[in-house]
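Note that the chains take the letters A, B, C and D in the order they are written out, and that residue 1 is the start of every chain.
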């Protein structure tokens, strides 16, 4: 069995400012295994950075306990924790050249100059910053600075690596490249990693597990697949991959499947999810009440005519062509607006604003959640 | 269409800068260059012809060469030791978790040596450490001579380290704490963090403090005069002696001009070492608000020991003065009396009110000038910038006596007839002591990301508004440090003003000097105590006003969402 | 009383640099104002500073008269052309050695040099108060004499004049070189060493009588003694600045200063100068010069030799 | 005809640092019409920020000319240009509360307090930051700070708005929301807009035109559609939407179509593009030489068997399931690695590592460029 590298128990952080109180992090529980990469996803201001800062020891939790490698860390100084931290605002040393910024940690560790140079150069190469080692941070572009911040930490090969949006200022190509490089390195060295990102595809592709936070609380923890296909709350469903949420009246309940009436159509059946937070015995769906149907834009087909009884008649509000796809905004008969993302195949018909169409939901990729 | 190329003129692209430059250059012309040039002419024009015989004469004597070395050694030593002590005190105030009240006390004690005119502290220093000194007796130390390099060095260090303290405190306060976090997180020990982050980032403060102390020590004639003895000559003292003792103004001026060489050297050395590095740690992208990391415990202990020792020593020196001001006859008749204070209030009233008026005027004018000059020199690009910056320091680096005489020569004739007026005193103070303000403003600005000012400009704020609403609030600690220093110096300085006080305007320090000459140690002590109290009150008021103005700036806005229909 | 009748009140104001300590000058000018109605504004400066200022202000003098200070300062000023000739009304009654031959300045007081020692210090070392210049060479005084610096202080130049008069110039410098071993500090002002001697930091020094008496009268345990070989004395002078804006008032001051009245005021206020008018009765026994060997040193001689002697002093004594 | 709002003529910026010279911006030419939104895309460090800074007047060009609203701007002080600038690193005033930060410009303009308050609140609401007005920047999360920076500029309704990655630290949902809000506002007020982003979908959806930069030079300027479907250089093709580039030997050239041989297959024909930089008469393709076939991952189908003669036999290197799609890495017979992104339909077969497959390129969505 793998050792637990990090454990958060009821960790809470309250900021006090005059009369105002901000509950930035609220009873967060998390267990990270050694070598695992856990990404934090959540809206801006939901407490991701604060959580990371507490793990690093920059911030003292207002409550709860943080255990690293089985040890209570409360008394361990920051510099003895063997942690790497990529700051959201970089925190590069302005008075040091790029080289010295990256070499800083190695020097602190007492490594020899001979040993340091190749490591630094390698790290800079990894982030695509050859030939800048003599520049100062103020002479770098935003993305270059961010890469130096990354290189500075990567070169240390820390046991526990905390990264706060480390790739946010990089272009898509470079970001993709860095993603794989980070992942490779992390796997090779068995680094445990907490990774904050706003890029969902980054979270989904890189993570062993994803923590979805909202307003200081953890909404769901799970593998990318679980999170994506089995959201435990409407928030997660909505936040991750932009699901459409359609409230429908329940007409029948059957073991794991739920049937609801389609406005302007017949009925629609899909599996009914039961989030962990509900008791096993609790009844959460009721015939005659609403349930929320969650369906991803990619799981919707848009057709001119449809004989499928469970298809949703709709009107096109807008259609945008984005290269590989057509993004539709549709209005269902019950006035719910939904989005559909249809892969564009050449010669395909693009429906115009105002057209009356049918939306076909892929029932194997849609599910009900309590409304 | 004109065929000529469009030339951008400063008056159009940046009218505020243009105006500021013109004003400042004009003031330099009148209050720095005019006196200096007049003095140069007096010095080197003999019978209508250029002559360097003076130069040859004063440089011909080995004693003056010794004095040059003496000056250099002393200035170097004082600038290093003073900056070191100032740094330790600044660390104590900004990086330790001493109770706030102790920090305030520390700050107050620190400015004591700055407040008293050099001779009072020198006297109590000799009473303590001089021949048969009380402290020496108490510790049974026999053969120790305070006269010479050692005494001068100790006394000047004591007098000037507060300057370092103020400049460096301002820097340490504005530094970004996230960088501490980053360093620790990269595995640096607290020592290493201190060595590689804290110290280098405070280099602008250290550099400017060294520059200031070097200049101050270079120009100080009073301390070596009392404590230097004959074994340790320094240039400003020799110059003073030449002028006032040998009535040789030319020789004295020549010696003083010699002082400009090392001053210039240090100025450019400092520029060279700090010039092209970036110290920007205050940016518009904020890390989380975080505390500065603690210092290594050994360092904290060291700071605690040194600071307590120094504080006790300073308090001891001033206790002597305090005691002296309350006894009938110092060490003869030690019965308590208020006579000296009565004397001070009876005969010193005019001096007190004159001094206060002059100090307040000078502080206001000087601070404004210092901030403008510091800002322009650090932030703006224009032709002759280095020269501009150095010019502003000229009066500071020259011995006060020389500046004083230059002022008399320059302003005793039409068209600028100022001798005997308030303005000449104010001008002398302003252009001499605003240097601290300039340097600390420059040091502070080096930490602040110019993007903040760009942001303000791009939001349509004029460069003046940007200056007052963005720049100033960000460098307020530095401005405050400069103001305090200026005020204190206006209250206490003597060297230049000895030539500028007049029958109409008299100063507290000249009264203290007079009491000393009249062998009235107790009266001098009483005057000094009154001076100290006044400065403390003024200092408190200044701090309070500053808080008031910044908190008004920061006043929170109450908003109702309902009103806007949100 | 006859003086007052002879000189009607003039009125107006007078601006003065005073080299005489402020506490003395205040009292004297108060009396002067009372008698003449002329208000006196003054700043006290050391002799060197005063002269430097007067020279620097030559183009547009800020004061009308210089008050007090050694006569050789005036002689130096005469060379720079900053003084005006004025022979006060009763100048004839002032002995010639106490006034400028050409009328640039008039003496207002005489002050001989004296030794002043800390009584406690002498007792601890078992010493007698010095009564000869050579007594000061005693190794017992090693590093414990404070004396004025010749470059700034009239007291110090006076000391050199005395020594030259006593033992001849070369001998005088040989003596001073030896004396230098015992010197703790050369002070900037003539009285600079008085306080250290009074408080026991230093053992002894050479001072003008006026300073010695002043500190002794504050209650310090001090012994004043004279060298048997003799001492010279300084002449405190007064003079009118060339281009004085209140010339009449300045003349009135000079006139008043040459009368007996000034001497009486000084005696009455314990201002320890020996008045230049021989007809003023001195009450303080310490100012009774009958037992002291006073050596004559003409002001003109002093003026001519001052710079040379000081430079020699710097070269041979200080820089040895 | 619309007025030109901004014109860059041969604008160049060279940074000199000791011996080192950095040509950050190299003879850039651009004409922006009033009310147009132009996005800048390009790799990190390609000169986007520098270009914007020169337009704003923070930086003096080393060469060239910048004209705003028909006027040479050299003599106009920054504060008189009526521009808004969203800084890549926010540049919030650390000593001012959020409210004062946002109110700053209005106050500078001399507006009354009464008028300022509702505007500020509206702007804060727009960026989703109600109830933070009294906080200081250091008490905000990264994304919150970025939104303040945005609000601070939006509230000014400037004529020319320069935005440097204004949404980089926001979560996907909020970013999408902000995109539309910015676009709405910009259209409503007719604001001319330069917009730097690393998010290609942002660039493609928001922009009227896109400027693609590389190493200080402009690679291509065009509408999103042009840039995407008609890249003028391999760099653009590769950079935008991650095209696959396969070098093939030309076997036949025909007017606008080019035929090349497929390694392990037969031949493949697609249209041959002629970038603007070539002279009309210049011959750029030669039979027997290589040409670069550009094809987007979405235009590739992966099949087990294919009878299509122009299909490319390939081997699967990796396959990742990313929710709506399967991302394949394939190795062609000539060792070129390509990526294919296949929409996932439920029940679809996912090929495993090592499988031998056929890649079918959609010839209407692929084209040749000079190699």
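Criterion: a residue touches a chain if its C-beta (ideal position, glycine included) is under 8 Å from a C-beta of that chain, and two chains touch if they have at least 3 such contacts.
In UniProt terms, the chains line up like this: A, D = Polyamine-transporting ATPase; B = ABC-type transporter, integral membrane subunit.
A quick note: this is a predicted structure, and the numbers were derived from the prediction, not measured.
Where touching is counted per the definition, the chains common to subunit C and subunit D (Polyamine-transporting ATPase) are B. Of the two chain pairs examined here, A-B and B-D, the one linked by more C-beta pairs in contact is B-D.
Per-chain CA centroids place subunit A (Polyamine-transporting ATPase) at a distance of 55 Å from subunit B. With centres set at the average Cα position, the gap from subunit A (Polyamine-transporting ATPase) to subunit D (Polyamine-transporting ATPase) is 23 Å.
Averaging C-alpha coordinates per chain places the centre of subunit B 53 Å away from that of subunit D (Polyamine-transporting ATPase). Centres computed as Cα averages put subunit B at a distance of 37 Å from subunit C. Across the assembly, subunit C contributes no residue that touches 2 or more other chains. With touch defined as above, residues shared between interfaces to two or more other chains in subunit D (Polyamine-transporting ATPase) number as follows: 89, 134, 139-140, 142. Across the assembly, subunit B contributes residues 283, 285-288 that each touch 2 or more other chains. Every pair of chains that touch is listed here: A-B, A-D, B-C, B-D. Every residue of subunit D (Polyamine-transporting ATPase) that touches subunit B in the complex is listed here, in rising order: 56, 58, 72, 74-79, 82-85, 87, 89-97, 99-100, 103-105, 108-109, 117-118, 121-122, 125, 130-131, 133-134, 136-140, 142, 145, 149, 152-153, 156. Listing the residues of subunit B that touch subunit A (Polyamine-transporting ATPase) in their complex gives 176, 178-179, 181-190, 192-193, 196-197, 200-201, 203, 277-281, 283, 285-288, 290, 293.
Subunit D (Polyamine-transporting ATPase) meets subunit A (Polyamine-transporting ATPase) in the complex at residues 15, 17, 20, 22, 41-45, 48-50, 88-89, 134-135, 139-144, 146-147, 164-165, 168-176, 198-201, 204-205, 225, 228-229, 238-239, 241-242, 296-299, 320-325, 341, 343-347, 362, 364-365. The residues of subunit C lying in touch with subunit B in their complex are 15-16, 21-23, 41-49, 51-53, 55-57, 59-60, 62-63, 76, 80, 143-144, 149-153, 183-189, 191, 194-196, 198-202, 211, 214-215, 218-221, 307, 310, 314-315, 318-319. Residues of subunit B that touch subunit D (Polyamine-transporting ATPase) in their complex: 6, 8, 12-15, 282-289, 449, 451-452, 454-463, 465-466, 469-470, 473-474, 550, 553-554, 556-557, 559, 561, 563-564, 566.
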